[in-house]
């Protein structure tokens, strides 16, 4: 069994509203797995449950064979599962370089070190700098995050996740707000991640989804509707009806 | 048709200690019921331009006329009454108001009312009692659009309205915008990353580069000009 | 790929000592010669500055607002007071014990301030401090209650310098402790740990998602801040040889917050400068007009907020920036 | 049981003096620690009208509220308005500064001594019921408090004004862009908050006394109510006040040794159990 | 040069005001030149008055910067305690004009007190109560040092005289609502309540509650020390104060030529205020300084000064007083008074007295 990430009968209720309805998902190691579905279907909620941002009402999350349902978010990150946020969640008053260095330091376990200054942690800073360069963010490295246009901030959102060198990467609409040309590049960067990195992607841009994914799950009203290869999904009448419309026709 | 909006030599930016100028010498005009695609790469000033029309930036100099009035002289909160409706890029949903309150709190009389909105976005009807901060990303986007429509504006400013919406909804929305443009009920300015989706819908296009207008003319002409599109908006635009 | 490397120099420069800082630390030496008759005020300023520094660590860096920081100050003060009263009058030992006691209580109570909004934290810290205050008030037999703890006899500092009426020893002692602890705090805030605190302050939601144990960090810094406050309290006991119940009081916490905000939080120097400005203003205004000086102090606060957002340090930084461009 | 009644009355007094802060801090998100200064102003106006001009209490108390509200408008227009965007800490510094000035001014004009008021006869004494002695003034406070709570709850929760106010606080920039007159709403709300403070101050003299140190003396009580109730929540403030009042009074009756601890213990326990307050919004955004 | 340390702002601002009124009044009446030297007053606000560090620093400044010869003032005990070592070390006489904890004068040989001690004014009311048919008493005191002292002294004297304490509570300082305590008293049905709270709003709140709850009608008397009903707060309490029996060393209504001149001059100089015990403490303190300096020929050396004040006797507005040569504390008559309306002003009218009463706290 090579599933790196699994959910078992995951349920999340907000009051009476069922946002996640008995979801059991298997994601293979190294998969490029996309999760699609109408607005409000529960995709982000699922990522929140996987990453520990929310606690499920019932059910389990299994990461690399270990039940992590009770683990705190940062412990899941330590075990290699990292997420991005659909709506940017950044450090407004840090420079871009500081923010990414912070993330690298946390991965290297330096976050609790209080004696040597940040600048003396050369490995961490150099790694952060290299990551920024690879995302074409070098020129804004010393700008405050909050003064950047939305698209740039979107890239920092992803840089923070990549800084954690994830084995399982959960991406929530990473390309939203990034112009077409740059979202291509962004996806190329993601695609260049080592093959054994598993990626779960939420995205409404079907061009990107169908180019990138090797498996697609469709969610509707909190429950999994179907899971299949991209070709099969594209042919699936139900998916077309609830979600795709004419998206793939044009 | 009558002229609705006219900008001449507009300079604007952000206040504060640094006091940066983002928009330089902007000028274009829009007819009543007209439609305009506002294009440009990341950080070129599209959002800033819409925010300037709404009075949410630091206006330095120039002239902005809307319905024959000097817009710069009108306080920000009165511009909605004049007929401007705004869908901010960051959605800016009121977190502590329910979906329905978000809509009714800004409502003005006109053809768009709650019922019609709910017909257009049934999802919002389902979630009407939810608080603004308990919505999915796409639901927030719908709500932002719906909220601006509740103002019954003469000119609708849409800042990347399609972002984060499911394909089916995008298609619906484009159809509705197309219809509005065709009937001339409401003028629109549309900011979008996906130029290919909106250029067919709009009559005019303006392209910004580093805060300056580098193209202002017919959408059609721009759509066919692949090399300029590539140049201004980056590779890979259909 | 066309990748240019980011400029790393601003980051490198951040932690280096700068000339204005060195000049700043010459001030205490100058003050000794310029105001030889005001040493007791000056050493109380140093002590309060240390106290403000401790609040800056938790508030300015980690964003934990506290209206009860006097709890730790008072614990340190009483700890040092008891120690000296019962015969162990060595000052440095007193500081260590003050720090330890405050740190232990800080560690325990830190779990109360992990959750909640600013207002909740304000009130929880305040509640803890008030309970300690009431406890000290009730235990009149031990603490002397409102009358204060007496009989605090101090030995000489490192066995050499006795405390004198003119406050010379007290002055150098306080300034020395302040300087050492400042340097330590400076290292802490420039380290990755310090950066992670800023991260928590700016966006707690994101921190766990990059793998940072938020609660552990908050506990650590809260304990550290408590220890600093404890040392400040112990210093006050030792230099005044008296502990009044007031060391635990609400006004002491509240005034501390004013001083820090006045100077500008999250900068370390803000704590020092805020304390200086506040205490000097307080001192002179109350001498000029013993009855209505509060009015003028209030006016100073209002004006500072209106014209110098981010406190005195914020204004200074803005002026330096404007001067450069 | 007289103790329960006394507890409710004490709670209601707590509610009356802090509900204004619930409006400015809770709804407008402005940390106005000068709340007590407005309360004090209302109190002095009421006390002076009573003592010097012989105005009846039932007129003097509202007059205190109105004067405080007007002072609120003036200060909001001239000073407070500039600080809406400022950090909470700046607001604290600013409003404490205002407090200091108010304290000195009161000291200068009215002296350091306690102000006395004489209640009209029909508000004095006790009504004896079987097993229950009802203090008339306490009953009066309970009635006023309930009326105010219901009125405010309706205003904030069910009117368009209330919704506009919440929208303006959530995101002033967007609210302005969508046609909400943020400035006017803030002025009105601030006036409401300071008017309520003034009323609380006037009604509180009888039980809390009034002297220049008032603004700082009761600051903790105000904050406790708002924090425990959940900021911006009228119902929460009311219930929190009543609970605190009950616990406090009962604690003092049955456990006098515990004295001042009770209220702090209750507060800390409640806040740890419900960090957002009884009816607080869950973490925003 | 005299340095005066008192709280001039904050919760105890009225203390500072009254003391300074007294001090200044004496100088205005008797001229500010004593034994050929002009008196210069330097006032330092050490508000809140409860922070010993601030008081001590103020004292150090007075000694070092201002070179004062005498330290005076001290409205609250912590102020006096914190400053005592400074007086000893700097060899400056220290004149305590209000602070009332018994032990203060033992903290330095240079301390002399012109106010009173708490046991001194508490014991007489306890004896009086026992003698006048009060058998069962419920004590209510503020929960802080002086409150504990008053409680202890009252208990001691009252039970020694055969009375019984049927209940006792300690009320948190600053507590505004006495309802639960009063209810408890009502339910316990004692003959009388003995009350000690710091002077100011707590007393006012108590008296209002006492009346509202109809305790007097229930046959419960109220006895107290006089600071509860001093002239500064009496008007604020208003009619509920009528009939309360209390013991104290000074009343504005004290009948003596000295007091008449004093009050007349006071009211003329400070028409907004009424003279109270703090004013007298300040007035007598200043007088003591003046007389002592006259004796020493203007020499303010601490040892000489203290030698000069020992056993000093004079007739104060409060009545005859002596400085006990052994303890440097004041010996004075303590009066039992009752609040009555004189004209349309509330006054403490004296009807019984314990003459030349020493501080029982030091025996």
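What to note about this one:
Every chain is named by a letter (A, B, C, D and E) in the order it is written, and numbering of its residues begins at 1.
Simple rule for what comes next: a contact is a pair of C-beta atoms (placed from the backbone, for glycine too) under 8 Å apart; a residue touches a chain by one contact, two chains touch by 3 or more.
Since the structure is predicted, the reported quantities are computational estimates derived from the model, not experimental observations.
Chains that touch both chain B and chain C: A, D. Minimum number of contact steps separating chain D from chain E: 1. With steps allowed only between chains in touch, the distance from chain C over to chain E comes to 1.
More C-beta pairs touch across one of B-D and C-D than the other; that pair is C-D.
Centroid to centroid, with C-alpha atoms defining each point, chain B and chain E lie 75 Å apart.
With centres set at the average Cα position, the gap from chain C to chain D is 32 Å.
Per-chain CA centroids place chain A at a distance of 41 Å from chain C. The mean-CA centres of chain A and chain B are about 29 angstrom from one another, to the nearest whole unit.
Annotation for chain A: no residues touch 2 or more other chains. Multi-chain contact residues of chain C (touching two or more other chains): 134, 138, 251, 291-294.
Chain contacts: chain B has no residue touching two or more partner chains. Put simply, chain D touches chain B in their complex at residues 160, 163-164, 166-167, 169-171, 173-183, 232, 281, 284-285. The part of chain C that touches chain A in the complex is made up of residues 1, 3-8, 10-12, 14-15, 187-188, 190-196, 198-199, 202-203, 205-214, 216-217, 220. Against chain E, the residues of chain D that register as touching in their complex are 2-3, 6, 9-10, 13, 103-104, 107, 111-116, 118, 124-126, 133, 135, 137, 206-209, 211-213, 217, 248-250, 252-253, 256-257, 259-260.
Residue ranges of chain A in contact with chain B, taken from their complex: 14, 37-41, 43-45, 86-87, 147-152, 173, 176-182, 184, 204, 206, 242-247. The touching residues of chain D, counted against chain C in their complex, run 25, 79, 82-83, 86, 88-94, 96-105, 107-108, 216, 220, 223-224, 226-228, 231, 259-261, 264-265, 267-268, 271-272, 275-277, 280, 283.
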